[in-house]
Amino acid sequence: MATLHLVNKAAAWADCEPLLGPEDTALLIEDGVYAALQALPADIQLHVLAPDVEARGLAERLAPSVRLASFEDFVRLVVGHARVLSWTC
Amino acid sequence: MLTPSTKGPVAPTDKEGYLLDLADWSPEVAERIAQREGIALTDEHWRIIRLLRDFYAAHDLSPTMRPLVRRVYTELGPEAGTSLHLLKLFPGNPAKIAAKIAGLPRPTNCL
Amino acid sequence: MSKKILFLLNRAPYGSSYALEALESVLVAAAFEQRVSLLFKGTGLHQLLTGQDGAAIGQRTVGKVLSALPGYGVERCFACRPSAERLGLAERDFCLPVKWLDYEGQRRLIDDQDIVTG
Amino acid sequence: MIISVAVHGAPYASSAARTALGFVESALALGHRIHRVFFYHDAVLTAAEGGVAPQDEQDVQAGWVRLQRSHGIELALCIANALKRGMLSDAERRRYDKPAATVHEAFTIVGLGQLVEAMSASDRFVTFQA
């Protein structure tokens, strides 16, 4: 069953990306949300935590494929995946 | 069996009897700490104390019960390497009490 | 209940307390009979280097603590091959035997776990 | 679902405790059970008694205390990490002869075994890194 990858630093994205399985989801939080500004493969299930995006002025700068997640969405993602892997650096 | 005495070097310990400065340890200090725990050290005790000090020198760790039993089993054989045997030598909580006497830091508090 | 727990170790051994404190939780998980695996990645691989002496900076030696793992029943130690290649590290540099994993192997390892933590 | 959470980041130097708080509040609102929140590494400082939050910043500790009061959530500090950072309950203060307790009473000091118990007893375990 799939893994939810939490990424809380943009630089940790490079560690996370090669380990994303086809069923996996990535949720960028805190300073991890900056990773959503780079060109990312379109086939990745990518969510960003909305308050962290808003705080950093990124809402208008995200690619259309990136989905905004509320804290409740965060909880639903955790529940909907078998395990959570937290990346940092 | 050694006769309990109140002599021997005193080294500062915390309230539970662990050495404040591990460098203060000596066999005499060990005798003194053991005495406070109500234990008269025999050769059997000393085999465990030496093994603990070697373990700490190799791993920078005071072992908890299971790895301690395991190490005693491999080093000193199946008769010594049981929790019952260690419990007999160091009644109560063998990993903690033996570490105290051997002059090691208290084992990580798990419980 | 015994669970499969993977500890992802990607912190350098010194410079912060993360590595040693993470190892404390590894040892306790093992003491409580969980099925523990370790995955060393990135600068976390530097925890495995031989010849460390933390005493030089007033600290415990991470490599010495790691070498106690087999005695705690932790024998599943994995290392990220791409990180090691990037950092110029090989197993002869290490104080503990490891199994090398490429990205595909790491994905399979993660998929097999109940819990992944740091 | 039963969920446990580990917080690794120091308050202020990291967002971990704040993000974890938002997550736990929402998990409770959605009807999940929080088995334990385990503060590890510098996150034990989240429990520091007597901090005064600026009026225009979220008081993260107050948020945790509110949750503890309203939902009885266990806020657990790792004893080894807490002691060396000067985080002492009254019992630990007496044991080590220190002048004052420093941990807010909503938090409890526990052994690392409780971290493993939380992993074992929960359907999901989420780590909030530094």
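We call the chains A, B, C and D, going by the order they appear; numbering starts again at 1 in every chain.
We take it that contacts are C-beta pairs under 8 Å (C-beta built on N, C-alpha and C of every residue); 3 or more make two chains touch, one makes a residue touch a chain.
Quantities reported herein were computed from a predicted structural model and do not represent experimental measurements.
Separation of chain A from chain B in touch steps, taking the shortest path, is 2. Chain centres here are means of the Cα atoms, and by that rule the chain farthest away from chain D is B. Counting C-beta pairs in contact across A-D and across B-C shows that the higher total falls to A-D. A straight line joining the Cα centres of chain C and chain D is 26 Å long.
Mean C-alpha position of chain B lies 29 Å from that of chain C. Contact of a single residue of chain D with at least two other chains is seen at positions 80, 111-113, 125, 127, 129-130.
The set of chain B residues touching two or more other chains comprises 108, 110. Of all residues in chain A, those touching 2 or more other chains are 83-84, 86, 88, listed in ascending order.
Contact topology of the protein chains: irregular, matching none of line, ring, star or complete. Every pair of chains meeting the contact definition is listed here: A-C, A-D, B-C, B-D, C-D. Listed in rising order, the residues of chain C touching chain D in the complex are 1-3, 5, 17-18, 21, 24-25, 28-29, 31-32, 34, 114-115, 117-118. Residue ranges on chain D touching chain B, taken from their complex, read 79-80, 95-97, 111-113. Those residues of chain D lying in contact with chain A across their complex are 1, 3, 15-16, 19, 22-23, 25-27, 29-30, 32, 124-130.
Across the complex, chain A is touched by residues 8, 10, 41-42, 82, 103, 106-107, 110-111, 113-118 of chain C. Residues 24, 27-28, 31-32, 54, 60-61, 64-65, 67-68, 71-73 of chain C are the ones touching chain B in the complex.
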